[in-house]
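Following this line, the structures themselves.
Both complexes below contain chain A, partnered by chain B and then by chain C.
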Partner chain A sequence: MFRSIVKRLLTVVPTLLLASIVTFGLLKLIPGDPATVIAGDNATPARLAEIRGQLHLDESLPQQYGRWASHAIRGDLGTSLYSTTKIATTIQARLPATLQITLGALLLSVLIGIPLGFIAGWRSDSAIDKAARTISTVGIGIPNFWLGMLLVTVFALKLHWLPAVGFHGITGGLGQTAKYVVLPAIALGAASIAETTRQTRSAVLEVRNKDFVRTLRAIGLPNRTIFKHVAKNIAVPVFTVVGLQASRLLGATVIVEAVFGINGIGSLVVDSVSRRDYPMVQGVVLVMALLILFVNLVVDITYRIVDPRIR
Partner chain B sequence: MSSAIDGVGRSAASSAAPKTPLLRVEGLTVAFRKDGREVRPVENLSFQIGHHERLGMVGESGSGKSLTSLAMLGLVDAPGLHVSGALEFDGRTYDLGSEALRRLRGDEISIIFQEPMTALDPVFTVGHQLREAIRRHRSVSRGEGKRLAIEALAGVGIPDPGRRYAEYPHQLSGGMRQRVMIAIAIACEPKLLLADEPTTALDVTTQAQILDLLRELNESRGMAIMLVSHDLGVIADLCDRVVCVYAGEVVEDASLEMALRAPSHPYLEGLLKAMPRVGSRGTQLYAIPGSVPAPGAAPRGCHFASRCSYAEDVCAEPQVLLPSRTGGSVRCVRHGELDLVGVSGDPHRSPAS
Partner chain C sequence: MTSSPLTSDAPLAEGSPLVVNEAPSRRQTPNRRRAAAVGSWLRSDRRAQFGVGFLVLVLLAAFAAKLFAQNPLTQDLNHILDGPSGKHWLGTDDLGRDVFSRLLGGSLVSLRASCIAVGVALLIGVPLGLLAGFRGGITDEIVMRCADTLLAFPGLVLAVGVVAMLGPGLTNAMVAVGIVFAPSLARLMRAQVLSVKEHLYVEAAVTFGSSTGQIVKRHIIPNAVQPVIVQTSLLFALSLLAEAGLSFIGLGVQPPDPSWGSMLGRAYRFMQTAPLQMIAPGLIVMITALAFNAIGDSLRDELDPIRRRRRRFSRTDASVVP
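This part shows the complex of A and B:
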């Protein structure tokens, strides 16, 4: 098992290389010249050439990539074209907010989706199952910005239980952070909770009818033991879904951030793209790619721990 | 000498069945509703198993034999299936449709299945699964449980049980898996083991080994066995008595010797004729014409009549179990007039010595 985990870790290297090349290359393919943007429409050709030289835009693509990548490895993602701030610093400032609502949403998916899906699958066609199916269909159908606005209206503006907008860093204490995270996490996570419930349910439904479950019952083992067996057997599909949700949530935060006025990564990307702030977009995409790579790695390693056939 | 001959010898010697059987199934019926009509894949099935007995239940696929063994443990849980009847075990009576059968599972009656491939949980080690079964029955520590589990693996003939203990089902061969399955099933020392086509998924050599193991467990522990199979050869190899099932009903109940040499029901005769045997090379293999009727589609009278070459007008009347000339019972109104042909000697291996 240890060997296969090391092997899996090694596959990260080419994936990362590819991701960085794609990140770098994609932006180079987009029409529009950053030098023109910086210098303005009426700049002289000499001024444009000077800016290109400063930004190394006159070098060949592999050279530019090499320069960018070698800096990136050291944590230097360059400087924003728009302001003079370091990209790494900006991302560092914006990332916690996004991570907190993403993790909050993911936590809700796991804590609500898995148990609910388990019960629904075990007692299929019961009242609980029907309720779970209805709720999850609704959960998948509701747009997250609408749910976000609804939550703000009800819990912030009408009931005054929770703050309507903003974000509070973890340094201010967990209670404060949670207050700010709850509503965005629900708005962001509703679809994930629903999806996790549905997938867990169908996994349980499938495993429940397997021969080995009949064996466990046949030799008279109590339900407690049977649940344990079912739980370990559904682990692979369930972890897969949770992993997919994690990636999806990271990408979906942008709208929820807008609704709740949170300065996270999502809004940073949108702003940077509209400003043609190439290095910033590259930096953010690279960090996102890293996060998703990490999530997939964790999921894959979990597979190997849980299912001996994958080792 | 072949072991099947041993079986014949013993059953003849102990033909006086014990007064109270170990288990008696009375009127087992499995029913479901289809198109507003009640359909019964198993209907009013009754039979008994004596202490230490090795009973074979034979019938084609779809005759209801697997459903019978599952129903005996209350394991029929498909939605819409309704089980009724009574089961008497060791002097106590249980309602076959009730959850009370739960108490029998594992402790008194255990079961092994056809597919050792899927009958074990793929993500737990063999040892873990065996230990669970052992610890359910006896309150022993984990360490003691492990020791007993390794002992149990050795007991079912698994070489190097210490290593196998830590392995997963996919690391074992089909025969090994079936041995593990047997070890799990007998961990609680049941008085009766139901074996539902236990060798069908295995190759012939392994098949014989598993049957030998079952025979040995029957002899050393006195555990009764009910072997369910479509293969009369397998049954002949292991069992003392045969219950032949057709379309959800018992059609004949006889000692192994009588069932093989002098079948009373045309269906059993057909099954015997359909067995390939040494010397039959080059001749057309016999097959009973037609196939088992779908549940609910059987004729009103003798269910076998439409496939039976001896059928006459009387066979259109509902049939009851009658005492047969060979000391068992038979569901055929014409059995007294028919002179059916069995096989001579042991049909499974060599001709009779």
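This part shows the complex of A and C:
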């Protein structure tokens, strides 16, 4: 087990390297002279020189990458071109909001998706199964921002049950936070809930028809015991699906945060695009990729601990 | 696109005892047999009927609209944010433009955008997956490591990053989305090729002295491509949603061109005063995505020989019983 964990940890190195190259390369996609693009058409030569110096544009590409990467490793992602604050500081300030709605959505997909999928698979073709299948079909197809708009219209603008936009840090008390998190989490998580339900259902269906389950039934074990065996056997595939949702959810915050006016890193990257704050965009992309690589790593290592068959 | 995979089931169907009573069909040309297979798929599956039917309807309506409907850019400034009326079937938007014609005009924009993303994903993902699976070794290692890396970027975020650098615009955005989708296709194709490669008929072809190109073309691709086709129709749905999302935040299609996502973006600004504006574009995005998904699910069953045979069995049984 330890060997396989170490082996998995070692694969992080090339992936990290490639991911950093991709992120670094983003800035090189800017057509023409980046300094001119960033400063605008009417920039003074002094401003152009300043931007060139700030981005180290006169160095060779490997030199630029080396400088950028060595700073990034130390947590220094450079300075915003828009507000002259440190990029890392801004991201740090914005990250909690994004993490809260992402975790909220993840929690919903676990708390709703797994039990619903389990019952649906356990009693396939029952009314619950049909309901679950409808929910998961619609959930995968519904645009998350549209769902967000519908939720805001109904629950905030018409019924006034919940706030329409904005965000509340966890320091202001859990109840207050929950009020602001619940609608974004539903909008963000709908697709994940659907996916989790669907995959749990098919995992249960598959295990339920296996020979060992038939044997357990044949020797007359109570349903509760059989349930335990099935649950253990679907753990790995279900866990995989939930792990994959992290990436989908983080990506979707880019759009959902815009609907709910949440100042997270998703809306940060969108705002930075219109401000032509390229280093900030680069910084957020890198942070998101790192978060996902980390989640994938945790998922993979947990597997290896839970299921010794995986090498 | 739907017809090519079905050629590969021809040898399979001929080998199965169930097809004996369809003997006349053997004399048909491959094209006719393909058409017959598509026909029987469409007749037998409701999901396919819904999916294909809805998409054909949207396309027909979009082309008809180009000829007959009002210009989606014409402003009727006496009617701003109006509800449905005889003149404007679905009302007007904040600039007095007819929502119904914009919806139809937007359908071409949105569907073309999905085609770009899916096309890019196929062009990159399938050949690389084929190469990695067939060659193995260091090629496999490099391709798969790159795929893993790209998968670490949340799709929309990388797309937003690329759009940030290249400038807003639908084509840039959708090419980026396509690149993000490519690794999943590459992985799928590779896994399929790996398993097909081990089959006896491939070995037989090697013994016969077929060239590598022949083996790949005649044996590997037709037998490996089916899950890719299923995945493609699911990717269409995802691309559609991605286009809507990117246009919603203003990074996709640029005004005044209509797309479903940009219509929702405008509707968002008037959510308080005109909440009904968001209904039509949202619904059509959702139903189109559902249509693509329905086609994908139905194709998954149709292309899976075991499930299909099971269904044919039950169908034959039903016809015998009455």
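Heads up, the rule we're going with is that the second predicted complex is superposed on the first by the 290 of 311 C-alpha atoms of A that agree within 3 Å, B and C clash if a C-alpha of one lies under 4 Å from a C-alpha of the other, contacts with A are read in each partner's own complex, and residues count from 1 in each chain.
The rule is simple: a contact is a pair of C-beta atoms (placed from the backbone, for glycine too) under 8 Å apart; a residue touches a chain by one contact, two chains touch by 3 or more.
All values reported here derive from a predicted model rather than from experimental measurement.
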{"item": "Partner chain in contact with A:Ile292 - chain B first, chain C second, else both or neither", "value": "second"}
{"item": "First (chain B), second (chain C), both or neither touched by A:Asp211", "value": "first"}
{"item": "Partner chain in contact with A:Val254 - chain B first, chain C second, else both or neither", "value": "second"}
{"item": "Between chain B and chain C, more extensive residue contact with chain A", "value": "C"}
{"item": "First, second, both or neither for A:Gln282, with chain B first and chain C second", "value": "second"}
{"item": "Chain B versus chain C as contact partner of A:Leu221, first or second or both or neither", "value": "first"}
{"item": "Contacts of A:Phe155 with chain B and chain C, given as first, second, both or neither", "value": "neither"}
{"item": "First (chain B), second (chain C), both or neither touched by A:Lys232", "value": "first"}
{"item": "Interface residues of chain A shared between complexes with chain B and chain C", "value": "none"}
{"item": "Complex interface listing, chain C residues touching chain A", "value": "145-146, 148-158, 160-168, 237, 241, 244-246, 248-251, 264, 267-268, 271-272, 275, 278, 282, 285-287, 289-290, 293"}
{"item": "Chain A partner contacts - residues on chain B that touch it in the complex", "value": "73, 75, 79, 102-107, 110-111, 113, 115, 118-125, 132-133, 136, 168, 170, 181, 184-185, 187-188"}
{"item": "Complex contact set, residues of chain A against chain B", "value": "125, 210-212, 214-222, 225, 229, 232-233, 235, 306-309"}
{"item": "Chain A - residues contacting chain C, complex", "value": "14-15, 18-19, 22-23, 26-27, 29-31, 137-138, 140-146, 149-150, 152-153, 157, 247-248, 250-252, 254-255, 258-259, 266, 269-270, 272-274, 278, 281-282, 284-285, 288-289, 292-293, 296"}
